[in-house]
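Chain lettering (A, B, C and D) follows the sequence in which the chains are written, and residue indices restart at 1 in each chain.
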Amino acid sequence: MMNTATLQKTLGELAAEYVRRLNLKIESIEEDGVTLSMPVAPELVHGGGVLCGQAIMSAADTAMLVAMIARIGEFKPMTTVQMQTSFLRPIPKDAGSVTVVARLLRFGKTLSYGEVEFLTADRKLAAKATTTYALI
Amino acid sequence: MMNTATLQKTLGELAAEYVRRLNLKIESIEEDGVTLSMPVAPELVHGGGVLCGQAIMSAADTAMLVAMIARIGEFKPMTTVQMQTSFLRPIPKDAGSVTVVARLLRFGKTLSYGEVEFLTADRKLAAKATTTYALI
Amino acid sequence: MMNTATLQKTLGELAAEYVRRLNLKIESIEEDGVTLSMPVAPELVHGGGVLCGQAIMSAADTAMLVAMIARIGEFKPMTTVQMQTSFLRPIPKDAGSVTVVARLLRFGKTLSYGEVEFLTADRKLAAKATTTYALI
Amino acid sequence: MMNTATLQKTLGELAAEYVRRLNLKIESIEEDGVTLSMPVAPELVHGGGVLCGQAIMSAADTAMLVAMIARIGEFKPMTTVQMQTSFLRPIPKDAGSVTVVARLLRFGKTLSYGEVEFLTADRKLAAKATTTYALI
């Protein structure tokens, strides 16, 4: 099983610069997924004073990628087939950071399914994504 | 009706820096939507040599926002309720730029529905998103 | 708080005959949702010998409706805004019945968000839906 | 290329009784999809006096299946990976019938992507689904 440092390094090597700007930190690896944190940086806040949905979706897709790598034990070529995200509550600019929990609902030879939750410091669910990945 | 210059200026003022990095250019305003272009910049390309899905989802959400503003004639507070994106074909790093077409399927007093298509230079559909927005 | 008998009666009065054919039974009401069961009847099985996805989606939408009614304490006019369903594992025709667990992720004045899980007798996740409802 | 009669017969043999109750009629086969019609029968109408969303989702999934069979030229084992449906406008019980247009956005060796539109007699878009299918 990979540790968080190896996983963080792998993510840094694979991710586009656009994704690295999110400064996602891998906090822990669980049996069925991973937990990351994302700072609510000023760069990610839009004119309405809340964390932009674009950062949330970027983080969700990335968290699922990390969960897949953790499950496989190394990076293998894969692609997002689809992702659906629901936005439940705004995350204010002074929220500090959000917790991003990605869980594999099913890991398959070709298709894998997962879900990603965004939790604020007071453990409220701010956004939830469901996603399908394909190993290629 | 707004022109593309006013719309581009409005987007620049509202969008988070994270979104402005996409360098989305508003190309035209249609009766039921807008057309944007996005350069496939090195910053948006991941280790696999293709445009990262995170940039695609960020651009889709933003394109729908632009279509909403164009429809209303000015910015009004609104939020993404949900967005679902399907990834059909990879966009290689040397693709130059992609065309992003956002269309309002229904504009309502509270809820609005739209879809966003990503087309490569040879007019192939690379990704498609459907989205729901709420005026708040 | 409603009891399962009242809720079952309300569902019977509201649902289209097409939905009543699913023979959904309300098993219990939880603080944040409801649990139903659905018999894997021959009428719901397609040529491939498994529970048809159409029955799963019908049940998911209905289960969320039941969860909304349970939360409100009575029926109020509402509509499904969107629903996304992922199919993880086939449910064989001899599965007996499936457990359908609907949970409200957020209940709001206008928009509400929920998720619905389909579990087989051995507690495997067969399908999962996320959904958005609007009170009208 | 299959004709509508053969396709209708194939659908009748494959579909669960629950789906056959929709009385979907294959109207035409296009290069990239199929067009069906669905009668707004009393059985499909819920207590609010409109076509139930469950029938819409059932029809959408089925229409995509028909489009896949038409594209392949015969039935091959396949499964729905995911489907997302947005409900834009209610379809009243006296609407007569709705037109269901399924289009393949991409047909692939393993994964295929499609979308399905529901149009009322006055050509208004009432619902739209996007879906992913896998040949197995």
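Everything that follows uses one rule, which is that contacts are C-beta pairs under 8 Å (C-beta built on N, C-alpha and C of every residue); 3 or more make two chains touch, one makes a residue touch a chain.
Quick caveat: nothing in here was measured; it's all calculated off a predicted structure.
The chain pair with more C-beta contacts between its two chains, of A-D and B-D, is B-D. Each chain gets a centre from the mean of its Cα atoms; the one farthest from the centre of chain B is C. Spacing of chain A relative to chain B, judged by their CA centroids, is 21 angstrom. Chain D has its Cα centroid 34 Å from the Cα centroid of chain A.
Distance between chain centres (mean CA atoms), chain B to chain D: 28 Å.
Residue positions of chain A with contacts to 2 or more other chains are 81-82, 84, 86, 132. Note for the complex: chain B touches chain C at residues 81-82, 84, 110-111, 132, 134.
On chain C, the positions that touch chain D within their shared complex are 13-19, 21-22, 42-48, 52-55, 57-58, 61-62, 77, 79-87, 90.
Chain B makes touch with chain D in their complex at residues 84, 86, 88-89, 105-106, 113, 115, 125, 128, 130, 132.
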